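In order of appearance the chains are A, B, C and D, and numbering begins at 1 in each one.
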Amino acid sequence: MPRTTTYTVTVQFGDCDPAGIVFFPNFSRWMDAASLAFFMDCGVPPWRELVKTRGIVGTPMLEINTKFMKTLTYGETITITTHIEEWREKAFIQIHKVTRARDSGDDVICEGREVRVFVKRDPVDPDRLRAIPVPEDIRRMCS
Amino acid sequence: MPRTTTYTVTVQFGDCDPAGIVFFPNFSRWMDAASLAFFMDCGVPPWRELVKTRGIVGTPMLEINTKFMKTLTYGETITITTHIEEWREKAFIQIHKVTRARDSGDDVICEGREVRVFVKRDPVDPDRLRAIPVPEDIRRMCS
Amino acid sequence: MPRTTTYTVTVQFGDCDPAGIVFFPNFSRWMDAASLAFFMDCGVPPWRELVKTRGIVGTPMLEINTKFMKTLTYGETITITTHIEEWREKAFIQIHKVTRARDSGDDVICEGREVRVFVKRDPVDPDRLRAIPVPEDIRRMCS
Amino acid sequence: MPRTTTYTVTVQFGDCDPAGIVFFPNFSRWMDAASLAFFMDCGVPPWRELVKTRGIVGTPMLEINTKFMKTLTYGETITITTHIEEWREKAFIQIHKVTRARDSGDDVICEGREVRVFVKRDPVDPDRLRAIPVPEDIRRMCS
């Protein structure tokens, strides 16, 4: 079984829209937080340190697919369960499952499937980010 | 050809992350703005009026898939081109193509494919939102 | 001494800007969360229940003053300490002190002073919000 | 009269909270956009260029005071009028006035007063930002 971490969020008033439910881009924001928390829980330093020691700036997204099953409002607490489903040479698939605890069993609120890459700055044009092969040591720490 | 609208965004400093590029949930936020702008450009009143006249609260998301082709930073202006690709009985597929104008032809920055539904509040439990069949008149205005 | 509550936030990558520090409007967002958490910790129901039982929609801001002492980056955890400094007939002053724990004593990151009012919807024009006198029972619970 | 610029925002659905009005931290976000737009309209390059040519990372906030006069909802368009009220040796006071056009004269929605500084990275510890004297040429361009 792959390494799996959990990340908890309590939904705030300002996270919700005039319909009274979570404005959906906030789920992407929380999944991004869960993604970084996953790496840090696995022992990977934060990007601001990796950029100094190894030039790694972060893990930008190539693609994200999110399915929404239930709505959510403020005051509720959710758990995001995160693991990496697949490692490719230059990308990885990270899965986030968002649930709400219920006495009668957990509600699944939504699920995200992200394709991400590790990037460094281009040595010639530092404004460009370049995907690098998945670092072997990071892969080992996170599998 | 289906009705197509455009929506323009200038990327702000605060939309970008420590890597200097747009924090990706902002693309979902802009696509949501483009989605509502599409309906309003087609002549549909804003949700806050439709909720009073017809009980329609909005068009929550069932699923969103976004592909990211290029990064973007602040000070740049993007155009979101929006249309509805498919109408189902109780859902519709809305496509958003995000481009940046270039002398040498447009850069495609990212593309989103959203599955959305029209909802009303449940008459028994107004905290619950219920999908309704796509209103025929709205469909006609937006096709 | 007035009732005082604490609210904890871990700063995320996406909360930071291209300078690598928290994009300052996020502090307002967290103070708003701390404001509502204060009321709920004092036993006041969330606004979505108060709107049904008493018509109270929330506590919009009349004025906010924030002083920034130190910068903050992602991965750091802050504590927001909240109390109400003054109750007026139709407004109250809420203070939020944001600190970061240090071995050598806490760093003060920023401080917010908010003037807020309780509001109901105008019975004639429900799109308008009207300030009401501070409810005596809520004042007692929060003092 | 000091240089004055204007910046326009159309309020989006996702900018509003469950009370149906703009979630107030968004005003800070728009004022920050208006602040940078002011400098760029005055001919100052974006920070991402100034950081390369002169080491200037941006203009973080020391203090912000915002007064809210009227509420606002989505679909409405606002104009932010920005100028610098006072230049100090190491700080400047920037004023943002947010109005909504009305046939009967403009509504003032809110007003912000920001104290900001120009910063560079500390040469010894690049994670620290240091305020510098207001650059004379920038002051001239913006007065």
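Simple rule for what comes next: contacts are C-beta pairs under 8 Å (C-beta built on N, C-alpha and C of every residue); 3 or more make two chains touch, one makes a residue touch a chain.
Note that the structure is a prediction, hence the values are computed from the model and not measured.
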| item | value |
| --- | --- |
| Label of the chain whose CA centroid is most distant from the centroid of chain D | A |
| Copy pair chain A, chain B: interface residue numbering same or different (half cut) | same |
| Intercentroid distance (Cα basis), chain C paired with chain A, Å | 28 |
| Chain centre separation in whole Å, for chain D relative to chain C (CA means) | 23 |
| Shared interface positions of chain B, touching two or more other chains | 13-14, 17-20, 23, 25, 29, 32, 47-48, 58, 73-74, 127 |
| Complex contact set, residues of chain B against chain D | 12-14, 20, 29, 32-33, 36, 40, 46-48, 58, 73-75 |
| Chain C-facing residues of chain D, complex | 17-21, 23-26, 28-29, 32, 47-48, 57-58, 60-68, 71, 73, 119, 127-129 |
| Residues of chain B touching chain C in the complex | 13-14, 16-20, 23, 25, 48, 73-74, 127 |
